[in-house]
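These notes are about the structure you will find just below.
Should a chain be cited, it is by its letter among A, B, C and D, assigned in written order, with residues numbered from 1 in that chain.
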């Protein structure tokens, strides 16, 4: 078991009301429990405002939890010391949704991808020369070329930037990769290539994926297990096949039905034609 | 809305208490010897000691502050070492002249700046746009005191159209005081002769003060109008056939006003501070001239008083701006 | 991976950085007004540095008078005329540029250093640190800066250094506000969150990720403020606080000239125009820089 | 006479780098009752085609090199600005991608709806159910009534009171409904929808698509639906045009094009969409295809 989330709740304090009072808090996560198996891909499906981003932030300890615990390899990460947490971050990395916003525009590709190795110098123990070698290796691994080394992010297309983001996440050899809608800002043809890259990397490196998406097709393509989150609660979870083929929850069914299928014969509107 | 205003008023009082403390400490710690100045170079030690006692300088600092703060609330803002009059009554006497000047300048700046900004945004990169933008940059760069001197040279000394300086000639009878603004009072009294005199004296200093805020308001308005014009909703409004005039003067104007409003609020403080310069040039009997005199003689009670008055006016203005902001922006109102 | 690790790593070429500069300069050149601004600013700096060697009467700036030649109107001998002490106004104005430029620069630098430090700390850490720092900042912002600067300068006594300190005290809050706002905005940017997730500490996040990305608004404001700092220095001189004669300073020169208006108008025009020109040039430059550095604010 | 007939539309745009041709001869014919999907990836020129029909591309920087856009027999590229404005809102309605940014945040939705209704009514009083000589007061009252009806027709509950709310008081899906109501208020003949569901959640997307589908069936209008989502096209469009770099590579009835694509690009695009039936390794992307192959 790599990542386990046990009864996590997160309440945001309410807005200020009147002169001194506060309104009711907003419960972003309500008793969420799920477990991600090592070497597998776990999909988290939800629409905007469902709490999936909050959950990611709690897993990364960018946000505290109001109740419950997040266990990584059996350790409660919210109970770790800052020092221990910093070391643990090397083992769990994230790829963000927006390839335009997630790379520092003032840094070269080399510096971006090398940064995790600099931060985790004590764990990785690379010198400058070794780091550069490793960056080149990573770029090749994600399908970029060594000429790209000293360019700036704005010189790349969305798909290429997402590859840079993936290379950065892989730099210190993590076990768990959190993928926060990594392809939703990309064109479909580019998305297909990035998804295939993720497949290949998982096979090569034995990674565990925690994949967040609103696109059921993408989740089905990547994931082994899936959980559906709605208004802060997990409404259904289980192996992909059973959920997609025989959804038990109404909300899951609505989502599945609403998903636009590129096969015109499956259109709900074309019955009369 | 009411609780919002109340909260802001509480905050304002806290700010003012902090401000009095800060000003008091700064003024007492900084070197400078008002007693020595007031007593003159030939004073004996006894006279100086007597003066020190009279001004309360022999008390410990916290006591002095407490005395000062409680005094403030009772209208006792200290005594000017230089004029030997109570600061509060001095300020009351000078405030209307300054406010009249500031409001006149602000009025000019808003009434000319906002339409000009809107127009240059629409006809951007045209001749009018380049001309006004260059003039605006020049207007911001023009020192108020130098502009004042130039205006005096041109309109008073050479052309002789307007008076050189002053607020109202001694030989004339000013209108009966209602608001303290001579122009307004003259209008209330129906005295067109007095109004013309007051307005003629007001014109040059008001213009000298208005140029910079006018230019800034124009630039701000132009910038925000251009930004608003690029918003998606303007595209929708155009796509559904609304006329350019309706889009500009109804839909764009209200949006563009929100950001310009804050600038206008900030300028109230800037203008009040700037009276120090313009009132010196035009011998305008207002707070600026009073403060300048006090500063030059290191007479700190009037300086604290003037600063306090300006801070209060500034904080009240920002409160009004915030309330207006809510009027222009429903999101703020409902938050 | 042995085969791939043989790949030749390209030399750290600066071409893309140079290309960015090229593009920025191209945009800057688009507006000829900003080029004019830059040219005037450069000319001012050169003149200020060279002033003591090129002016016709350097001794006038040291207090030497020549009462025989009082109030000469502008002529080939004295380009801007002479003043009530018979000093050559051209020499005074040119040497006066040293005080103005130097103190303007000093004020802006002090304000940036203090303001950026305080603003960055307040914005990054938030909470009570932010509350305390921002309350102090707001307090200072409620005081009309010119009056505060005048009061402080008057209390400290005359002199260039005291005047710089006095103005800087009133100027840093604006930078603190600006930087705080920018830092708070950048803190939520994904690449900063990414750095957090990587395990970067606050020093690294601030210095490598946040500050480099907020340089542009600071540079733009600094360029505009250079002009306004020169203006404020002159204002203090004009009301009689600040640099005292014989050291020539534009505001002081203008103040002295006031008594001889309108008959000897040239005594006022030269220093006044000098102030205007310097402030105008920095404004043009700042405006052009804004176009280049702050694409969102491009108009 | 077709409702909309675009022939050989060629458009170029000026930028820092110089003038680049964006559209390389677009041909498209839309009849009433048809929903045409215009599908393509970033930079294919699909949005600019839609904006061209409403003549919302400023010239310069845009420049039409050739072609015509016939709307009910009238060439839109040759009509005056005044005539064009009379067509917008009344005969051609338009909705855009992001419902949050397309409603003016500082005005009540009613203000905006009423202004659009008044504009359409001035062009054609019958839209408001009035005759030409009606008074200003009548116009105002009828415009508000029409606005409320329009909100009701797009499924906004309690329209009579919600009309006085501000945009931020509505959810994303509801805002898009308001925008559709605004576009439909003048009873247009052609609706141009530029990525109308891209910013919405899937469940809301389905509702909006249903709404558009119903409006077409009810009012027999023509729709040009611009999207990057093949699923959306497959669901509600009757016809589809596949765009790539300013050209239409393939066009025709949806069942033909999407079931039996004749162009390699269309095929690659279809094989790039993950569905619940796609197996691992089946997605292909554009690998193996080069842009030159399509031109």
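As a working rule, a contact is a pair of C-beta atoms (placed from the backbone, for glycine too) under 8 Å apart; a residue touches a chain by one contact, two chains touch by 3 or more.
Remember, it's a predicted structure, so these values are computed and weren't measured experimentally.
Chemist: Work out the mean Cα position per chain and let me know which chain is farthest from subunit A.
Modeler: B
Chemist: Quick check: more C-beta contact pairs at B-C or at B-D?
Modeler: B-C
Chemist: Closest chain to the protein CA centroid?
Modeler: C
Chemist: Between subunit A and subunit B, what's the gap in Å when you average each chain's C-alpha atoms?
Modeler: Between these chains, centre-to-centre, one finds 54 Å.
Chemist: Round to the nearest whole Å and give the separation of the Cα centres of subunit B and subunit C.
Modeler: A distance of 24 Å separates the two centres.
Chemist: How many Å are there between the centre of subunit B and the centre of subunit D, using C-alpha atoms for each centre?
Modeler: Chain centres of subunit B and subunit D, defined by C-alpha means, are spaced 52 Å apart.
Chemist: When the C-alpha atoms of subunit A and subunit C are each averaged to a single point, how far apart are the two points in Å?
Modeler: Roughly 46 Å separates the two chain centres.
Chemist: Give the residues of subunit B touching no fewer than two other chains, as numbers and ranges.
Modeler: There are none in subunit B.
Chemist: For a test of understanding, state which residues of subunit C touch subunit A in their complex under the given definition.
Modeler: 1, 4-5, 7-10, 12-13, 16-17, 20, 189-191, 193-201, 204, 208-209, 212-213
Chemist: Show me the residue ranges of subunit B that touch subunit D in the complex, using the header's touch definition.
Modeler: My answer: residues 231-233, 235-243, 246, 250-251, 254-255, 258, 328-331, 334.
Chemist: Which residues of subunit A touch subunit C once you look at their complex with the stated criterion?
Modeler: Listed in rising order, the residues are 60, 62, 85-87, 89-90, 93-94, 96-98, 101-107, 110, 115-116, 119-120, 132-133, 136-137, 140, 146-147, 149-152, 155, 165, 168.
Chemist: Of all residues in subunit A, which touch subunit D in the complex?
Modeler: Contact set of subunit A toward subunit D: 47-48, 158, 187-193, 195-196, 199, 214-218, 220-221, 244, 254-269.
Chemist: Please name which positions on subunit C make contact with subunit B in the complex.
Modeler: So the residues of subunit C touching subunit B come out as 33, 135, 138-139, 142-148, 150-152, 154-157, 227, 231, 234-235, 238-241, 254, 258, 261-262, 265, 268, 272, 275-276, 279-280, 283-284, 287, 297, 299.
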